[in-house]
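Next up: the structures, one after another.
Next come two complexes, and both contain subunit A; in the first it sits with subunit B, in the second with subunit C.
== the complex of A and B ==
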């Protein structure tokens, strides 16, 4: 196990000690100890930067289940390292923030930090694992720890609801992904992503390729809150704000983005991939930003904003896949899309993390997150206002912040998609820039809304539960660092380009490097009067108009009734599956033995008759039949008459006697067919069992003893006839298909020589097949003890009562 | 319950039950060559005991034949298993029977077969379970 492996599992190891630290050192906030973990990891991962910047990768293997091809292979390349730095860097800031956000007296901090560390380790495992099964294991760890974190305040109903919802949706996606992984293994014979990427050319012709692609995408879309699986994210906002900032803006929701980027080398050759990823991404962008405007809760706005931004990154990754198809172009415009995706990923993590922390501060200091109650906080909370305005402007894509740069690149990429003339995208292609632009307008509107409704406008402090004031400095450090990064990356984007973006893009599009193309990253502010510049101008102008007329058109949101929304479908579907399952079980499991017998016999008849006739197996061969003797006919008539009497007997007593008659007739059959041992046993046993029946009858309650003959039910009669018919047909067929001689000749020949006996039946019972007899007498012994126990225990119980 | 005088039944039972028991022993020993064997022999013996039970009562029965029939079942099973396992001592598979001919005083040359031991087990189990069931049900109210 190398140092790299230890780094990945360090959060898990550290989590073990958290409860002891929490219980043992009550005076110190547990977060201070936790802070060391992501900080150390961040410093550790920084060391890899020069390495990956030089185009190198590091792979360390730790054998786990080598016989199944499952090894814990840690693979550090540009993409993995970028995510690892995001996870540990923002993790450090979030832990620092949470120290001031969560009070050590009131909160169950040991739970919080154990879950958080678990999540951090799982996330590191996801982005640094090369083995798909190990990746899946960490993937589910993130789902579980996210579930625990959302349900952190488990005494609140909404928390439990949100946790359950996110669990159901992400685990559904995770399991689909597992299916995709298994299909990939079937195609490629390996779980290693690097090896699979190497054989992408042969995989694409495999019939399993498309199912694998769809299943993997399902996993990525559910995790990254893409339409229509985005509904869990707004409900996950019930989690504490540090969790929202960390999981639901910067890291976990980007796991799906990571997966799409990571699997791009495997799948991107396919047009379906391009179409699906870009299409769902762009629609999610539009839908998320459109819905964010109607929300009044700050965290809900940010949740929909996150959904929208994730859609943006996703669509860029999809468009970036077109780079593989147009590598003859000199300046590969589609490669810009991938660069933009990576750049915006970093930018989003910085400004969204800061905005969440800002909202947490507002919530903490005023007691509410409702924008209808907030307003005019700018004079009281100037630092928070600064954070909010820079974050929001960056999110809206206004210069000079980093969001502007990535938004410009995004629009450029979306315009370029029109030029794609394969896969029939040329007509539909116009939808992409249009949706992108509309989505950007709404993004602008809610970004402005976020700042103006919270900090500017009319002050209404009387509505607030608390008297607002500026947050303590400790709480402000983390968002300030992030906002500083927003500005730094805004002014000096090329700080990132060669160190982080270039290696990441090379990892996403390795085929380009193989084809001899250089990934050239140069991000600059001014690139002439390009269409995207005018689009941005349009976004700002229309956005301002829309915002100022907001009250006039906000009514359209109420046009969509609640039950037709995706949440409505989800809730209804969940309730429906519950009641449906309940009804089904109630309908099938009636609790009556009679019903179950009907099921059993119906299936018996249906399966056997169907097999018999579908396979054409019915055969009636008369060649081997013996001569029918008159006494057999007479005895058969007696037997049938007694059996029928049982059915139509008026009293139970009559049935018992008829049953006895059946038994004695069978004994007579044994006599005629030359089975004296059977006849003897049958006679005695029949006597005993009739005696026992009579005993039961004697103990029947007075009412049911007088009961008349049993009622007639057509269904039962039909079923009984069918069962009889089936068995008869089977007996005929199996008689006719006798394919080899019986082994009885051996017994006849050897009964004296080997076993020194004359009675073959008995010799078989005690010698040739003595095993059966041994266990039959054991069965008898158990039956006797059972009867003894039932009767005696009943006696003891009634004494006790 | 009114005590009736069933002297005829009891006298007949005294004679008949011995005949039945003898017949059952005959069935048991003849089993290897003619119809019969442990199972039917055991049932017949149990039938004789039931006849005694009918003519007298459970208390008298327990006085004449103070058996614990559950224990009898267990002993029967034990004999059967040990007979089968005995083969292992001679390094042959489980359940291998052995027989040979011996010159026994009074009976002359007779074959002795370990299958009979197994059959004794069956015999005891059958008597044991029949009597356990009947006694248990008879004693319960």
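== the complex of A and C ==
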């Protein structure tokens, strides 16, 4: 186990000590101890930057289950490191923020930080694992810890609802992904992503390729809240704000993005991949931004904004796959899409983290997050306002912040997709820039809404539960650092380009790097009067118009009835599956033994008869039959008559007697067929059984003692006939298929020589196969004890009562 | 010759058994049935005896003895059941 592995599991190890620190050192906020973990990890991972910047990667293997090909292989390349730095860096800031956000007296901090550290370790494991099974394990760890964090205030109903919803949806995706992983293993014979990427050319022709692609994408889409799986994210906003900032904007929801980026080398050659990733991404962008405008809760706006921005990154990754179909790199404009995806990924983490923290501050200092109650806070909370305005403008894509740069690149990439001449993109591709532009307009509207409705406009402090004031400095540090990064990345984007973006792009599109060509990343503000610049201008103009006329057209949101929304479908579906399952079990499990017997016999008949005739196994061979004697015929008639009498007897007593007659007839058959021991035993046992039946009859309760004939049901009769027919046919067939000589000759020859006995049946019972006899004795013993216990304990109980 | 005689006897016994079985089924009272069962048992004894002659074997003689005992015990048990409603009385000192 190397230092790298230790770094990945360090959060898990640290989580073990958190409860002790919380109980032991009450005076110090537990968060301070936690803070050291991501900070140390961040510093550790920073050291890898020069390495990956130079195009190198680090792979360390720790054997876990080598016989199954499952090893904990840590692989650090540009993409993994970028995510690791995001996770640890923003993790540090979020922990710092949470120290001031969560009061140490009121909150169960030990729970919170254990979950958070668990999540952090799981997320590091996801982004740094090369083995797909290990990645899946950490993936599910993120789902579970996210579930715990969303349900942190578990006494609130909405929290539990949100936690359950996110759990169901992400675990559904996770399990689909596991299916995809297994299919990949079947195709490639390895769990290693790097090795799978190496054989992508042969994988694409495999019949399992498309199912694997779909399943992996399902995992990525559910985790990254892509349409139509985005519905869990707004409900996850019931989590504490640090959690929303960390999990549901910067890290966990990007696990799906990471997966798509990571699996791009394997799948991206396929046109299906490009269409699905880009198509779902761009629609999610539009849908998320469109829905964000109607929300009145600050965190809900940010949740939909996260959905929309994740769609943006996703669509860029999809469009970036088009780059693989062009060999020349100098003019490969599609590469810009991947660069933009990575760049926007970083940007989004910075500004969205800051915005969530800003919302947390507003919530913390005013007592509400409802924009209908807020307003005019600018003079009271100037620092928070600064954070909000920079973050929002960056999100809206307004210069000079970093969001502007990535949005320009995004629009450029979306325009360029029209020119791609593969996979029908030149006909349907026009949808991409249109949806991108419309989505950007709505993004602009809700970004402006976020700032104006909260901080500007009419002050209405009387509606606020608390008297608003500026947040304590400790709470402001983290968002200020993030906002500083927004500005720094905005003005000096090339700080990132060679150190982080280039190695990440090389990891996403390794085929281009292999061709011996350098990925050239240069982000700059001014690139002339290009179409994307005019699009941005249009976004701003139309956005301002839409925002100022917002009350006039907001009514369209109410046009969609609640039951037709995706949430409605989810709730309906969940309730429907519950009631459906309940109805199904209620219908099938009637509680009556006769119903279950009908099921059992029906399946017996169906399976055996079907097998018998489908396989053509029925055979009736008369060659080996013995001569039928007349007394056997007579006895058979007697037996049949007695058996039929049981069915049609008027009284139960009659049935018992007929049953005895059946037993005695069988004993007589034993006599005819030369089995004296069996005949003896059969007679005695039959007598005892009939006596027992009489005993039961005597103890029947008065009411049910009423003598009546057994009711007739056609279904039962048919089933009984079928069962009899099946068994008869089977008996005929198995008699006709006798393929080996019986081993009884051995017993006949050796019964006296080896066992010194004349009665062969008894010798077999106690000598050749005495083992069975031992356990039949045991069965009788158990039955006797059981009967004794039943009678005895019933008596004791009735005495106690 | 013996076989033919035995076969004729067997057929006769079986015919009588069919008559007895008719009585078992028809009744009309339980006592009729019990008597019929008893004679069925005895007829069974003769069937087994005849079959033993046919099969030229003596291994079924124990079966004959057993049937004799069982028919007796069974009939007594049934009679007691008809008379007292139970076979083995509890607390016979009371």
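Keep in mind that, in the parts below, the second predicted complex is superposed on the first by the 800 of 801 C-alpha atoms of A that agree within 3 Å, B and C clash if a C-alpha of one lies under 4 Å from a C-alpha of the other, contacts with A are read in each partner's own complex, and residues count from 1 in each chain.
The definition used in the following text is that a contact is a pair of C-beta atoms (placed from the backbone, for glycine too) under 8 Å apart; a residue touches a chain by one contact, two chains touch by 3 or more.
Please read all numbers here as calculations on a predicted model, not as lab measurements.
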Which of subunit B and subunit C A:695 touches, first, second, both or neither: both
Touched partner set for A:671, first subunit B, second subunit C, both or neither: second
Subunit B versus subunit C as contact partner of A:660, first or second or both or neither: second
Contacts of A:631 with subunit B and subunit C, given as first, second, both or neither: second
First, second, both or neither for A:623, with subunit B first and subunit C second: neither
Which superposed partner A:684 touches (first subunit B, second subunit C, both, neither): both
Which of subunit B and subunit C A:641 touches, first, second, both or neither: second
Which superposed partner A:103 touches (first subunit B, second subunit C, both, neither): neither
Intersection of the subunit A residues that touch subunit B with those that touch subunit C: 676, 680, 684, 695
Complex interface listing, subunit A residues touching subunit B: 676-677, 680-681, 684-685, 688, 692, 695, 755-759, 761-763, 765-767, 770-771, 773-774, 777-778, 780-781, 783-785, 787-788, 791-792, 794-795
Parts of subunit C lying in touch with subunit A, wherever the complex brings them together: 10-11, 14, 17-18, 21, 24-25, 27, 30, 33, 37, 40-41, 44, 47-48, 51, 55, 57, 59-60, 62-63, 66-67, 70, 73-74, 77-78, 81, 85-87
Footprint of subunit A on subunit B - complex, ascending: 27, 30-40, 43-44, 47, 70, 73-74, 76-77, 80-81, 84, 95, 97, 99, 111, 113, 115, 118-119, 121-122, 125-126, 128-130, 132-133, 136-137, 140
Subunit C-facing residues of subunit A, complex: 630-631, 634, 638, 641-642, 645, 653-654, 657-658, 660-661, 664, 667-668, 671-672, 674, 676, 679-680, 683-684, 687, 690-691, 694-695, 698
